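You will see two complexes here that share chain A, one where it goes with chain B and one where it goes with chain C.
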Partner chain A sequence: MRAVVFDGVVLGLQFGLLGVGLTLVYGLGGVLNLAHGQLAVLGAIVAALRIDAGASTIAAVLTGLAVAGFVGLALDLTLMRPVYRRVGEDRVLLGLLLMLGVAFIIDGVLEWRYPIEALSLRIGGDPVDILGVRMRTGSLLASAIAVGVGVVLVVFLRYATVGKAVRSVIQDEEGAQLCGVSPATVRAFVFALSGVLAALVAVTRSMTSPVNVNAGIDFTILALIVAVVGGLGSVSGAFLAGVLLGIVNTVSAHYIGTYITTIVLLAAAAVTIVARPSGLLGAGRE
Partner chain B sequence: MRRSATVGRAGTSPVRAYAPIVVTGALVALLPLRYGDSRAMMGVVIGGVLFAAYAVGFNVIFGSTGQLFLCTGALAGLGGYASAILSDRHGIPMVLSMVLAALVAAIAGGLLSWIAVSRSLGVIFTGIVTLAFSLSFQNLLLGQRDLTGGETGLVVDAGSDTFLGEQVAPFYVFVGLVMAYLALYRALQRSHVGWAFRALRDDEIAAELAGVDVKRYRVFAGTLGSGMIGLAGALYAHSERFISPSTFSFGEVDVLVIVMLAFGGIGSLLGPVVGAAAFTVLEEWMVSFNEYRLIVYGAVILALFLFFPRGVVPSVQSLAQRLRRRLGRPASPTAAAGERRADAPGPAASPVGPDVVGSEEVRAGGATPPE
Partner chain C sequence: MLEIAELSAGYLGEDIIHEVSLAVSEGEAVAVIGSNGAGKTTLFRTVCGLLRASQGTVTFDGRRIAGGRAHDTARRGLAYVPAARHLFPEMTVTENLDLGAYPKRPQPARRALVHDLFPRLAERRRQRAGTLSGGEQQMLAVGRALMSNPRMLLLDEPTTGLAPKLAADAYAALEALRRHGLTVLVAEQQVPLALGFAERGYVLENGRIQLQGTSAELAQDPGVQRAYLGIA
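Right after this comes the complex of A and B.
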């Protein structure tokens, strides 16, 4: 049982990391990034290509993260401009549709040029005993990165000046502007950050199982569910939701098995939303 | 010309209100003249009409009451599989099984809507709950092999010996279905239900204060729209004679239906039909691009939504109004508003002048309450 829960936490931390990038972008600009998973895969494939070309793993991964971050930034500065000029439901809808188009394009490019490319990082080392459970080094490293990123993000948002600016825009765009914070700059920064985070998830994921070209849509759907269950805009909410759903997933996979696991996972997500209509740690705004 | 703009509302002549439906139906009915010989092309055309039916149903739910149902495919699948299983396994006559299937879908959609409404879920949250339903349904289809045939799908026998088994006849059945749906949509718009829909879409709280039972109308729209989608799915199962999980998957149905409706014009009568037609043509054209099909598809979606962010039908209408004004016909606020106005803004937005009507300010002005 303990081993199963541990596996759930490992998986859940990945879920959380996946949801974080999406949740920040939505909380900030009202854009539901339907290309989030595709950005993740893009980063992973770039890294895989660099490794094929003989680059060291670290350098390749950093290049992948940078490319995904850069694409995120570029999207914000170009395509998202007309979206930010709108308000309310119009903004959400247009943002969602345009990012859907972007998702198709990224998927299309990757499937066309590199149909069989996949990123798979093998982390060496013997399994480590933790509280009597033997854990693979790859899982541990992936979890450590997720936890590290989560902590850094929370601290950054709470104490750093830029982090405070981000939070101020999430809370009240106009108010933030009056205080001299430029929502546009903050949004561009967070969009780029979200791209990096997305690619990072694909990288940590590849430490336990390969990430191939068409994984984008699954990543996106999972990110959506995690971000919404956690409360859109809340970093700690995303991690909490991720870990909860991760545990539900592995426990039901272990004890019930088969395709029912997915249904249990989705049902858990739906029940959480219905029980807490603004998400686990949502601020009550959409 | 000026009066035609208010056509969606009660009080205008029924001829003007329903004429667009008849004209559209007549135009679409001409398609077999061109494509009737080719089985493949008739398949494409029927697919387009089927998606128009889905999109009208989705428009009733999302366009009228703002509930983002990400389970169009699942509801259609519920209808399709229910009807196929009822008629083939249990020997229930096809027509009756289709009605029952539509009922099943209506009940499922109504329940989802009821859950969303009674917990006051916001747009995105409703979306995710229904998406969870969608994906669960997909997994159930794959898992319950004995009943659904799993991944390999299900051959549907009932109906193959009727005219539904022919090449062109099912097309007219689908056209009839879409016209019936459009007429129903128009009838709703013109009834007190339409007023309630417009009021709650515009400002939920104000509508509630004015005595509109917002929850009841939302659940009503969710139930009705889901039933429409389920019936279309059931009809498709019998005319196509083969269904599989991918026939009704989120990626195959929902994404397309949303894109179609958003492109055609959310909450407009003919938007779903225009959108379905445009994307059916687009998909057909895209086949020739082979491997970079997805790239072109994505690029076209970007271009379409950058140029028509509000949808083609509303854009064309406001363009027509602007032209009319430039030609020296002073349009009264009521006339200038066009269908957009008949559909979206309620009493709160009435004093809007001709300059802003039909542009995005109208929708933005009808502030959606914070979720």
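Right after this comes the complex of A and C.
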């Protein structure tokens, strides 16, 4: 049982990191990025291609992260501009549809050009005993990265001047403008950051199991569930929800079967929406 | 310092204010008085750049203010305090104040000035803005605007939702700000308070300037007395 829960925490930290980018982009501008998982896979495949071409793992991974971040930034500066000019439901709907289209395009291009490409990082070293449970080094490194990035993000949002500016736009966009914060600049920055974070999840995921070109949709759905359960716009909420859902996932997979996990996760999301429509934690609090 | 010329603006293609012209010189306190729906908020939102003008111009310090770039206006020293306040409810009083100084670091001297002016804010510095009373939120909105060391303050109905005693206190605080050399344009429904504070005023009705003059002249005007001062 303890091993199952540990596996759940490892998985859940990845879930959390996956939900963070989606939740911030939504909190800032009401755009639900349905291409979030595709950006993650894009970064992973770029890294895999660089490794095939003989680049070092670190350099390949950094290139993958940079490409995903750059594509995120480019999407914000082009496709998302007309979206942000709209208000209310109009904005949410147009953002949803445009990003769904982007998801199809990235999926299509990757499967067409690189159908058998996959990123699989082997982390050497013997398993380590933690509280009597043998953990693979890949799992530990992936978890350490997720925890480290999560802590840096929360500290950044809570204490850094730019981090406070991000939260101010989430809490009151007009108030932020009156303080001299440019919502457009903040959104572009966060969209790029969210691309980098998405790709980082694909990279850490590949330390325990390969990430294929068609993994995008699964990443996107998981990110959506995590962000909704955690409360759209809340970084700590995304991590909390990620860990809880990760444990739910591995426990149900272990005692019932892997076929049930997606159903259980979606049910958990549905219950949260009914019981606490704004998610576990409030937007922009940190 | 601020010049508004033939300004028209509104929402969804429909103008709410029509060809409004007014001017405020450095160091002056000027009031815009008018009832609910007269267009005061639309006027102020256009002046600070939150709303695009359909025609006419706003010039602050010799430079045009373009619609849709309110953050630039704020950084240039024209601070707008909206009637709806637009605070950051999940942040503490101090965090709200600090953001007022964005993108610069908050200066301790400015914070001390705001705390002097509104001692309540100093007492509640760790409290979340969303949990403050209406009067305290108003103080915080003004305090946040002051953190950037602005040269001019646009105040939209600073007494909304305040008890009479607190409304009088708010104007006492504004008097103190004026002694610091701040230029103020204030929109107000509580006309006696506004005319007591400002040197000059404009009467805005149905989106047009109907009357202008010194505060004494406006207070003597039969129309103003009937509509706003409760004198038959």
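Here, the second predicted complex is superposed on the first by the 281 of 286 C-alpha atoms of A that agree within 3 Å, B and C clash if a C-alpha of one lies under 4 Å from a C-alpha of the other, contacts with A are read in each partner's own complex, and residues count from 1 in each chain.
Heads up, the rule we're going with is that a residue touches a chain if its C-beta (ideal position, glycine included) is under 8 Å from a C-beta of that chain, and two chains touch if they have at least 3 such contacts.
Every value quoted in this text rests on a predicted model; they were computed, and no experiment measured them.
Q: Overlay done on chain A, so just call it for chain B and chain C: clash or fit.
A: They fit side by side.
Q: After lining up the shared chain so the two structures overlap, which partner does A:Leu98 touch, if you call chain B first and chain C second: first, second, both or neither?
A: First partner only, chain B.
Q: Between chain B and chain C, which one contacts more residues of chain A in the superposed model?
A: In the superposed model, B touches more residues of chain A.
Q: Could you give the angle made at the Cα centre of chain A by the lines to the Cα centres of chain B and chain C, to the nearest 10°?
A: Once the two structures are overlaid, it is 80 degrees.
Q: Considering only the touch criterion stated at the top, classify A:Asp52 as touching first (chain B), second (chain C), both, or neither.
A: A:Asp52 sits against neither chain B nor chain C.
Q: Can A:Gly175 be said to touch chain B (first), chain C (second), both, or neither?
A: In the superposition, A:Gly175 touches chain C alone.
Q: For A:Ala165, select first, second, both or neither according to whether it touches chain B, chain C, the two together, or no partner.
A: In the superposed model, A:Ala165 contacts chain C only, not chain B.
Q: Looking at A:Asp218 after the superposition, I want to know if it touches chain B, chain C, both of them or none. Which is it: first, second, both, neither?
A: It touches nothing on chain B or chain C.
Q: Nearest CA pair across chain B and chain C in the overlay: distance in Å?
A: Nearest C-alpha atoms of the two chains are 5 Å apart.
Q: Shared contact residues on chain A, chain B side and chain C side combined as an intersection?
A: After superposing on chain A, chain A residues 285 contact both chain B and chain C.
Q: Quick one: in the complex, what on chain A touches chain B?
A: By the definition above, chain A touches chain B via 32, 79, 82, 86-90, 92-94, 97-98, 100-109, 111-112, 217, 221, 224-225, 228-229, 232, 258-260, 262-263, 266-267, 269-270, 273-274, 277-279, 285-286.
Q: Quick one: in the complex, what on chain A touches chain C?
A: Those residues of chain A that touch chain C are 161, 164-165, 167-168, 171-172, 174-183, 282-285.
Q: Give every residue of chain C touching chain A within the complex, in rising order.
A: Contact set of chain C toward chain A: 48, 50, 70-71, 74-75, 79-82, 85-91, 95, 98-100, 102-103, 105, 144-145, 148.
Q: Once bound in the complex, which stretches of chain B touch chain A?
A: Those in contact with chain A are residues 66, 115, 119-125, 128-129, 131-133, 135-136, 139-140, 142-143, 251, 255, 258-259, 262, 266, 291-302, 305-306, 309, 360, 363-364, 367-368, 370-371.
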